[in-house]
Amino acid sequence: MTPPVYGYYPGCSVRGTGAAYEESLLTLFRLLDLPLEELKDWNCCGATSYMCIDEEQAFLLSARNLALARQAGLKEVVAPCSACYLGLRKTQDYTERYPEIARKVRHALAAANLPSLDSVKVRHPLEVLFADVKPEQIRSKVVRHWRGGRVACYYGCQLVRPFAEADRAHDPTRMDDLLRAVGVPTVDYALKTKCCGGALTGTIHGVGVRLNYILLKEAARKGAEAIATACPLCQYNLDAYQAEIRREAGEVMDMPILYFTQILGWALGGDAKALGLGRAISGRRFITEWFPKHPEAVEKYV
Amino acid sequence: MPETFEPKIVAFFCNWCTYLAADLAGTSRIKYAPNTRVVRVMCSGRVDPQFVLDAFAKGADGVLIGGCHPGDCHYQEGNYKALRRVELLRRLLRQMGIEEERFRLEWISAAEGDRVKVVINDMVEKIRALGPRVPAVKKEVA
Amino acid sequence: MKTLRAFWLRPELRRKMKFQREADPEWAKHVAARPGCEGLFSCLQCGTCSGTCPLSIYMDFAPRRIIALVREGFREDALSCQTIWLCASCYACAVHCPRQIHITDVMYSLKREAVQHKLYPRRFPIPVLAQEFYKIVSRSGRSAEFWLVLRMALRTNPFQLFTMIGTGWQLIRTGRLKLGRERIEGVHQLQRELADKEVA
Amino acid sequence: MSESNGTIRVGVYVCHCGTNIAAVVDVKSLAEYGASLPNVAVSRNYKYLCSDPGQDLIRQDIAEHKLNRIVVTACSPHLHEHTFRTAAAAAGLNPFFVQMVNIREHSSWVHEDKKAATAKARDLLRAAVKRVARHEPLEKVSIPIHPAVLVVGGGIAGIHAALTLANAGKKVYLVEREPTIGGHMAKFDKTFPTLDCAACILTPKMSAVKNHPNITLWTYSEVVEVAGYVGTYNVKVKRWPRYVSEDLCAGCLECLEACVYKEGKFPDDFNVGLAKRKPIYIPFPQAVPQVPVIDPDTCIQFKSGKCKKTCIDACGDRHAISFQLEEKTEQIEVGTIIMATGFQTFDARRVPYYGYGVYPNVYTALEIERLVNASGPTGGEVVLRDGSTPKTVGIVHCVGSRDENTNRWCSRVCCMYSLKLAHLIKEHTGADVFNFYIDIRTPGKGFEEFYQKLLNEHVHFVRGRVAEVTDWALDPSEEGKLVLRVEDTLAGLVRRIPVDMVVLSTGLEPHADAPDVRRLFNITCSDGGFFLERHPKLAPVNTFTDGIFLAGCCQGPKDIPDTVAQAGAAAAEALALIDAGYIETEPNTAYVNEEVCSGCKTCVPMCPYGAIAFLDPEKKARINQAMCKGCGTCVAACPSGSIRQHLFEDEQIFEEIEGILTYA
């Protein structure tokens, strides 16, 4: 059967700090020939900050995006950023649970002559890859075997909480399953759903960094040489402050923080640049070693 | 139709499940709409279609039958018998121009006091939306 | 009352005792009636929220105590504290709560009220960031990380900008820092939607 | 029909039930309204009608005002119909001329709007007054009670009930699913709060059961069919083969020694998997009966047929062991049944954040019960999986209790058994013990004193529900330990506490198959799935099915003293029926008006009890009054309207409907 056309909602951060996420996601979906159709003129999902100022307007932001999806006749929207995923999903949930909010949203959308948001399914790539594509199928498409070290899969918060739909809320495993499917050894990582602090690294810097220090330290303790993430903010927080942590905590720490889509994309034959592997800040030396420019050439020698 | 139309619903509750559930709702002080009037029968299987028709004929705005969950009937299968009759009755009522929402069969076990509230409130709301079935004149007195 | 306190107590001391007249039980009911804040009164003060919270260790009141304060109607304490702003919305408390209270949403609700009534701690970066974010997005339809951080820094403590230079450079080097400001085409449509009277 | 001759004179009695009704329903106006209704001779309101003076009031009026119908506007008929019928009968009125109107459970308690509640009460009263006019005098049917009793479940509840009945000289069948009786209590070492040894209390009772002439004990057996009704239940019991004959076996247990497996190899259920057993085994040394069981799933002979059968040789000329034994079904007749099916403990895997099944040194309380038990797998040594002794232990309360995500009820015993385990662990290991609790509940004789004792033993009590158990170390001191993260809600700070052993105080819940059992015995369940008692205070061990009684944790979580007390009560209820010799039941049976019956046979298949016979010569249906249970399904089905039901006559119900809907 032909796969459905997935609507694609990038979100602001994959157009900035999370660029590599979008690059690898698009490459991966191309390799799996899954069509992704970007929403026309999408707007910010509101994230957590907007919700702190005005709830209903926050819902309206997401409502517009969902409405755009409907306008384009899309049944499903894929949101790679966990915050966006939650923002959209939460808007749906609230409009379903609270008629009063639903009424206001409907009215506002009408005022902006947009269609009312009916069931547009909000999804995260992790779930799409696991449930629709399935690990077996991905395994069957592998063209390169993993040359890197053991990986700790980090799911973060908003991907699995409060909506345990992308994976189980306690002890999720889908990312591990996907990575193992392409031959990547993953470690059991107790902090896989602990918080990275989100925007805290930018506001109460010290606190934010400490949270990430804990995450990195425990991953290393469990023998992980890299961390796989599924959210631009998680990736940024874990990636950007390792130098500072080295300085402050005086611990040797230089760990590649990858997007799970980069690892999968690589296994399926995507090339390093197309997967945005050059955008990493920490663990660059490992990355160049694990994801060489001309893998085929390297393969010959080994 | 008066501003706040209070529908009157005749409820036939089986002695072992739904009537007890209503009692439980009472002992747990669960609050719900005061629009139902319960007629106790030993089993939902005892509810003769004539009772339902009679209730509507005498001006009920709705009729609710409550029985034990399938498989839980105190008399083994009375509720299945009730279910079959209800299906026939529904068709008949539709022909008589009585809206679906006015006639309901619900399985409510002795443990589900809260469900009594949910079902009754929901039914009252739906019927209120439909408005009175009999000429409003009759309503004034109540 | 204030004067009295000033007279009897040395300034750095703060009275811990509460007079019942300082509590506003009606407000508590009002909060519990908001979407997402249901079940506030079913809290059994078990502390699971504080236990699961990654940030409770930095909070002036742990989440459990916020619930207790709200429930008893101590509005000012609940709204002027840093706790609600430290909440990073990781929803750990919400999924662990044995009474299924959506604590994260309660925090959101309190944050909004704090902003509304200007009760949030002054110069505390998080509410400032939130407000700047709100402005940027409402104006252009997209957020802009660089400008967001810049404005936040300027409004709280400009000097921290220096500490950010290193990271900034790393981001530029890897092409991850976008200096431009995106603006969606349908920005007017968006604003019409946001300005809808039903909502405002 | 003398009483119903001549004019109908109804007495209406509106009860205040203190303020229960009066606070919401305007009882005075309701009584006045009652007086205004047709046929009503007297209408009164009174504070407590169910009290003696209240009943006297009715009795006097019946005499003075020649009342021949009584309408009591009060609580649910399930509560006091019997009371008022008896009162009426005492005044010489046929008890079935009494009609209850339920304005408490169905009005004053469930509505806030006083006007609406009163209006509802009026409608219901009007309906009842109209209905009662159509009532007819009836005679109660009395059914003989078979003196034998079936007790289902051989835990402490079943054992105590069985012994009580047997000592009273009644025949008892005790059916237990496991190969031994004793239930959960047999697994415990000590019991709270007295810390006396469980075995010393239980095992004598167990052997008493075995040796009692009046008790037939069937272990390794299950009730598979229950037919009939109070007085005579016909029960089928399936008895699985032990492959060791109970009649021939002398309990020497040499076959166990002789088994080709020199060591135990398969998880031992009795020791909750902490020990291994052989394919032929006895659950525990004091098991009753002292007869081994062969587990066909693990026995080589059953799997391959190629075993040396050393067990048979060991048994020698007793020939107790036979691989040919087959399951058999026993058919018994009893008059009453006592349900003592007990509980199961909460599966700690359902709360992954406590790491049970992930971290080897996270245990359930039941596992610790076995570890501290002198006859347990470690002979009473409290040790970790690697054999070392724990230096710090954390006991997590309320696992699978008081939690909307799992079970919302309080399991009642966890606080106390956690305190008990804390004491025993400290006693056995000298370890530092932490209790993590939401609330400590010690509402029992000597319980609070026990708590005080523990406090003075320097057991730590941290008020806070543990958020998670992990093995990640944030600090060198936590390396290689299990770390509990919890808010100490009293100290007001979050703590990380490293321990060697975590004990999860899992709650009590109904057996997974409780719903099937419930249907089998035709009894009802309360929220959560425990069996429902008829009334928490008036009939705490009765069910809604006459002749079936509840004992122990199948009705709700209980400690041992309460269980034993309840078992005694259940036995007493059964005895009361047996010694009376008969039970009076509602005469709400269906009957055929043979003039009208068209002989269409529609009713015959309707009856689940086969009470309807079709008389061939007369071409009429006839209902066996003894077999009819009064559901009324046939009545509703009869096309010619020739089947009628006492107490629920069509006219009575039509009157009721009319009464509700006519706006007087």
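Which chain is which? They are A, B, C and D, in the order written, and residues in each are numbered from 1.
Keep this in mind: contacts are C-beta pairs under 8 Å (C-beta built on N, C-alpha and C of every residue); 3 or more make two chains touch, one makes a residue touch a chain.
Since this is a predicted model, take the numbers as computed values, not measurements.
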{"item": "Result of counting contacting C-beta pairs for B-D and A-C, higher pair", "value": "A-C"}
{"item": "Cα-centroid distance, subunit A relative to subunit C, in whole angstrom", "value": "25"}
{"item": "Centre distance in Å when subunit B and subunit D are each reduced to the mean of their C-alpha atoms", "value": "30"}
{"item": "Subunit C-subunit D separation of Cα centroids, rounded to whole Å", "value": "50"}
{"item": "Whole-Å gap between the CA centroids of subunit A and subunit D", "value": "51"}
{"item": "Shared interface positions of subunit D, touching two or more other chains", "value": "353"}
{"item": "Contacts with two or more other chains, residues of subunit A listed in rising order", "value": "170"}
{"item": "Pairwise touch network: line, ring, star, complete, or other", "value": "other"}
{"item": "Interchain contacts, given as pairs of chains that touch", "value": "A-C, A-D, B-D, C-D"}
{"item": "Complex contacts: residues of subunit A adjacent to subunit C", "value": "12-13, 15-20, 41-44, 46-57, 60-61, 63-64, 94, 97-98, 100-101, 103-104, 107-109, 111-114, 157-158, 161-162, 164, 169-170, 193-195, 197-200, 202-205, 207, 211, 236, 240-241, 243-244, 278-281"}
{"item": "Complex contact set, residues of subunit D against subunit C", "value": "353, 398, 402-405, 438-439, 463-468, 485-489, 492-494"}
{"item": "Residues of subunit D touching subunit A in the complex", "value": "352-353, 470-474"}
{"item": "Interfacial residue positions of subunit D with respect to subunit B in the complex", "value": "76-78, 102, 104-107, 109-113, 116-117, 119-120, 123-124, 127, 518-519, 522, 524-528, 532, 544-545, 588, 606, 608, 629-633, 635-637, 645, 648, 650, 653-654, 656-658, 660-663"}
{"item": "Residues of subunit C defined as touching subunit D within the complex", "value": "44-53, 56-57, 62, 64-65, 96, 98-100"}
